[in-house]
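The following pair of complexes shares a single chain, subunit A, combined with subunit B in the former and subunit C in the latter.
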Partner chain A sequence: MKHTLIHLNSSPYSSLACKEGLDLALVLATFEQPVDLCLSGAALALLTDNQEPTAEQGKNLHKLLAGLEFYDIENIYIEKNHSWLEDNPTWQGVQPLNGDEWQTMFSQYQQVFRF
Partner chain B sequence: MQYTLLITGSPYQSKACHTALRFIRAALNKYPNSIKGVFFYEDAVLIGNQTAQPPRDEINLTKAWQEIAEQHSVPLYLCIAAAVRRGIINESESRRYELEQHTLAEHFQLEGLGTLVDLINSTNKVIQFR
Partner chain C sequence: MTDNAVVLDEEGYLLNLQDWTPELASQLAKDVDVELTDAHWEIIHLLRDFYNEFEVSPAMRPLVKAVSKKLGAEKGRSIYLMTLFPGSPPKLAAKIAGLPKPANCL
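Showing the complex of A and B:
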């Protein structure tokens, strides 16, 4: 059984990449494969609370976050020191890593898929 | 060593499908059984559209991948959810959605993400092209 990291790096509203990355994470978890998530770049927007996108703007993927623990997806990492995250109300289920920990994290998985 | 290729880049907005094609040719040339399967996900599923007509002086990527499947018996899977959303539909999905046409090119097959999980668990390495 391989431990997988899904790295979300795309904006949840500029393409389907975030959604399709999360879909893969959920399917891996459904098949009882260990999977963790990490978010960087524009994908961090996924964490912002009180999102109310219209149908044209895209699906509200933020709502999926609360359900991740039911799939046993418990490790969701971000890099520390994002002033944007500190200034906005965001989902608290993430584990912030410092720069070194963030770099080291990627080598701890047998496979990393980026979306 | 057996590989699975996971291709997620659009054939029109990235070189993922092109680069993966070069990789798979090189791999199969040296080790004929080195590829267990190819899984197309996200916009990469557009590779399986049989109605796409590239200009005649450009590479026909769909055909190039079909030749790989035909010559080396490598299965080419398209994620069914990603494909149907983008109009790549086989005969049974066409009936299910009560459509009059289907668009899935020969040698490609629609499969769920569970097939990717199976490939992940039965090959040594998965290589993503995006």
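Showing the complex of A and C:
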């Protein structure tokens, strides 16, 4: 069974990339494939509270984070000490990794998809 | 048949989620030969709460987990949901609850 990492690196609402990454995670999890998530760059905005996307921007993707537990998606990583994190409220379900752990993480999966 | 003013997609799901009412749910259920009981309503309300909270219609596994968490392990079983919503509980229950088809259901 392949263990998959989905790396979200795109702004949540400027394109469909983030949503597509999350959709893939849900599909894999639905079919009992182990899947973890990691967020970096513009995708970190997904973690902030009180998001109000317009109808054109689509669903409030932040809301889905709390529902991932029902899909047995329990590991959601971010890089510790990221300057963005110091200035913004962050969803508490993430696991911060230091630089070395972050780099090592990518080699621990059979497949990595980046969105 | 459902009210002509309510628009369904080609698979029978509500196009406008705001159109949903309990009366419409009863009609949608009748259209698929399901007679709603309190047990059905319990799942329908849970499903609508799940969608409002997470903005996603759950597939079978997350639905079972959500039911188990909210209503107890006795009801959080596939067989229980199958008796209420035969065939594909996540799809049929979402249809009656006025929610989108679970995107990750085959």
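Just so it is clear, the second predicted complex is superposed on the first by the 113 of 115 C-alpha atoms of A that agree within 3 Å, B and C clash if a C-alpha of one lies under 4 Å from a C-alpha of the other, contacts with A are read in each partner's own complex, and residues count from 1 in each chain.
Note that a contact is a pair of C-beta atoms (placed from the backbone, for glycine too) under 8 Å apart; a residue touches a chain by one contact, two chains touch by 3 or more.
Fair warning: this is a prediction, and the values are worked out from it, not measured in the lab.
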Contacts of A:Tyr77 with subunit B and subunit C, given as first, second, both or neither: neither
Contacts of A:Asp23 with subunit B and subunit C, given as first, second, both or neither: both
Touching partner for A:Gln111 - first (subunit B), second (subunit C), both, neither: first
Touching partner for A:Thr4 - first (subunit B), second (subunit C), both, neither: first
Touching partner for A:Gln33 - first (subunit B), second (subunit C), both, neither: first
Contacts of A:Asn60 with subunit B and subunit C, given as first, second, both or neither: second
Doubly contacted subunit A residues - partners subunit C and subunit B: 23, 27
Residues of subunit B that touch subunit A when the two form their complex: 6, 8, 41-42, 81-82, 85, 112-114, 116-117, 120-121, 125-126, 128, 130
Subunit A residues touching subunit B - in the complex, by the definition given at the top: 1-2, 4, 16-17, 20, 23-24, 27-28, 31, 33, 111, 113-115
Subunit A partner contacts - residues on subunit C that touch it in the complex: 50, 53-56, 58-62, 65-66, 103-105
Subunit C-facing residues of subunit A, complex: 23, 26-27, 29-30, 32, 59-61, 63-64, 66-67, 69-72
